[in-house]
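In what follows, chain A forms one complex with chain B and a second complex with chain C.
This part shows the complex of A and B:
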């Protein structure tokens, strides 16, 4: 058996310490709401708090809407670019990456400036504000969803599958919903979980649009109740890890399903 | 009027002519192969028949209907791709039934047709499997069944065997031919493999640089190529430099030795230099007795190719090959020996200048 060198062990130890020590510290802190006692009281307080339930449900719902809107925007666009406009792929990629360049604060002020006055006074109603929030989230999560879908499309022979379906009499709707989307299942789910993980704890856009979201609640709690706030951080982290785990699980399941000569 | 007709079809991509002035008439039930090297326009022509590319000019008609600008989903042409293109999310049965489902056929009719198709490709037990659970050859048979299931007017095959290994290629091509003959389906087959084209087709369309070089039966294409390209591309061909001695008699000089051809030396004058071509299998060792064409040559190399032995010989500056069938009692000269070889007048092909 090959010997694992000491240097490698050292790197693993440093990496583990760097990444996990703060987490262990946070976890430990979240369990010490009572003096000299390890307890889950902070978690119970958080979960039983009505505001937690309300904000979490609200953010969860917004995340679902964001996933739906983002999927409907990105999947057909990426498909069409792959099929008909492959030369535009770098431009589309650049556009989707703009989110990383434009800070969320600029985005939300732009939204407020445009949509808080006539003719598009969306912010005057709850639904309008929610709509703006979802659109803001769509911009924010565009790179994640686009990357996931783009990778999925690269893994299948989009053009030939489309042509095969066309030669069998299929129109565009059938091609998209019966052939392309089912074969992008893993990619779409991966994009959806990344979107979910981003949206569920998002702070800036929700705060400035004054929406009752989970992110602002977490920040607010951190200023007043440190133990509950730490417990909330751990819950949020667990949700993110579950999302990433689901991506891995579903991604692995779809691996062997690509047939053909590619 | 023929079943499938292409009139003066032309396709350009930017400044490049992919297909130029393509004219072809295909009869119902015929098996036609487009044969040519990569980039000769054969796949583009097939894609225009399928509707995936629109001609820049010209007309395509199928069964008397102009289909030039008809969308692919309305042409009723079955297509088989090199990469199989089975839908990975569907079982074999669902793949085969896909076109019928779109056509709105009842479930019982779809099931019956799927069973028929599975029996046709001898894969009755594979209906529930997914494409990734099949070998390449099996996937391509399913793709063929899927294309045939919709009862297409024309079956189009785009290099369907290129991705398969040699043995499966041979067995599957026989299967394709037998299915095609059984169903009497008009078929266009694109390939760069001359053996495939010659063994499968009723007629072969040899293409080069976007245009048709020659259309003919496999026998005509192989034995009577009309252009140097066809002669060179189909089979092995020796090109030999000759000088016209007597154009009227078909007499030529090769390495100071006279030979004759049965073909007319049209447009050539006595003393002109011109290339002639002879297939290696038409040349043999000269036994005693007078032969029409005898050349004194030197043996250069001898190569065993299994069932045949290929011998490289030289006559003056010309180096060419002759093939002879291998057998355990074959007596061959040695390298460097001077021998006489012979060939008939008909074997000497005078090719058109390109």
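This part shows the complex of A and C:
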């Protein structure tokens, strides 16, 4: 009979308390917009606000663009490195660590400096700013997408699959889109969910590119409407939870969940 | 942290010659300028503290869940929560802490009510000088996304400890403590330190959480840059870039150490 692991339970209890207390606090606060009453009014106010709908739709769209751009950039690169250029792996891994060196605030500082004046004054136009935003998000989420895809590639026999497809007469496009990508479906999807969780509430880059995004809207609301902003916090928590849950369902393990902007 | 360091030796006008071309900064850096030094000090202090607290706490949690003899469901739950918490940072996290530790926050009120029940006199956190917009609260908020990151990164390393090592050391007559001190801990140490460095840069580069929590009144380096871009502080625009470059140096330095430690840990643990 093993002895009861009291110390372990104690630490886990402290950890879970730390994790849940702020969430309970937020939930409690978000339900108290009317005095002495538990209501969902704060949520209703948020969801019915046109600004919420607009900014959320905008951030959602930008998240989809980011996912598309990031996948198209990372998946073929990772595949090619895996198959033909394994000696470049350290360089690629170094690049994927760069987001830690250049956090969002520095990235956007550089973006503004270069793209707010001629010859590359992209920030003059709406579409140019949107483009910059997506590119900024791509560089933020690139490492996480790369890691997800890399894990996926390690799990399949890339060389055999490629050679089998080639010997049946497939071109590169067929190999990529009909053979490799379908085998990476789980990896690509978890990369996509991670990107989504990171981008949907992103604050820093969106603020300085003056985009009508969800993150700046949340921050703004916090200054004037405390109850609505905690309701938004719960909504954003639910989105994060769903994304992480999907990643776990897809079975990428612990390392697959590391991302996020602070 | 910089207070005791003399910066007198720095030339007032920084000019260097490189292949016969003279580079000079179009301004002089006043390194003694208080706002910048104190911003760096505060940022370093906050990042080191939260990396240490988050690192140690995260390690203990991961250890308890993986090797502490708990049911496997605890481990699954911990990894899920860590995934959620490490991604639930930025603006919403700040709101969650305001709703919890604010003047009318959940925990503040809870403490008040419980102490009133028990002792008759309510204990008010805010009487002690605590504020949700202050340093302690910012530390607690940062730890909320730091320790889960530690759990997520260190869990595979703990899984990588081979059963054979423990058996071998037991066969040689080692006690549990000796196994930890002489085998497991040295194997894990590079991973632990490496992850803590990652936590450090994670905190050092963070801005949204602190900005939303304190409304931009807390003078971290990132907030200084934030306000500089807004055009609120530091009349000299070149100084803003210098502050940013200084930050890149610190980040790059910590990344280099991380990289080196990673190499060391790969000797025993394949990640």
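By definition in this document, the second predicted complex is superposed on the first by the 246 of 262 C-alpha atoms of A that agree within 3 Å, B and C clash if a C-alpha of one lies under 4 Å from a C-alpha of the other, contacts with A are read in each partner's own complex, and residues count from 1 in each chain.
Rule of thumb we're sticking to: a contact is a pair of C-beta atoms (placed from the backbone, for glycine too) under 8 Å apart; a residue touches a chain by one contact, two chains touch by 3 or more.
This one's a predicted model, so the numbers in the text were calculated from it and none came from an experiment.
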For A:232, decide between first (touching chain B), second (touching chain C), both and neither. second
Touch count on chain A, higher of chain B and chain C: C
With the two structures laid over each other on chain A, which partner does A:88 touch: chain B (first), chain C (second), both, or neither? neither
Using the touch definition from the top, say if A:160 reaches chain B (first), chain C (second), both or neither. first
So in the superposed three-chain picture, is A:179 touching just chain B, just chain C, both, or none of them (first/second/both/neither)? first
Tell me which partner A:114 touches in the superposition: chain B (first), chain C (second), both or neither. neither
Considering only the touch criterion stated at the top, classify A:40 as touching first (chain B), second (chain C), both, or neither. neither
Could you list which residues of chain A make contact with chain B in one structure and with chain C in the other? 257-262
In the complex, the residues of chain A that touch chain C are 2, 5, 7-9, 11-12, 15-16, 18-19, 21-26, 28-30, 94, 97, 100-106, 108-109, 112-113, 194, 197-198, 201-204, 208, 215, 218-219, 222-223, 226, 229-230, 232-233, 236-237, 240-241, 243-245, 247-248, 253-255, 257-262
Quick check on the complex: what are the chain B residues that touch chain A? 50-52, 71-79, 81-89, 98-99, 102-103, 130-132, 134, 136, 139, 143, 146-147, 150, 156, 163
Chain A partner, complex, touching residues on chain C are 57, 60-61, 64-65, 68-70, 74, 77-101, 105-107, 143-145, 147-149, 151-153, 155-156, 198, 201-209, 211-212, 215, 222, 225-226, 229, 240-241, 244, 247-248, 251-252, 255, 258-259, 271
Which bits of chain A are touching chain B when the two form their complex? 156-157, 160-161, 163-171, 174, 178-179, 182-183, 185, 256-262
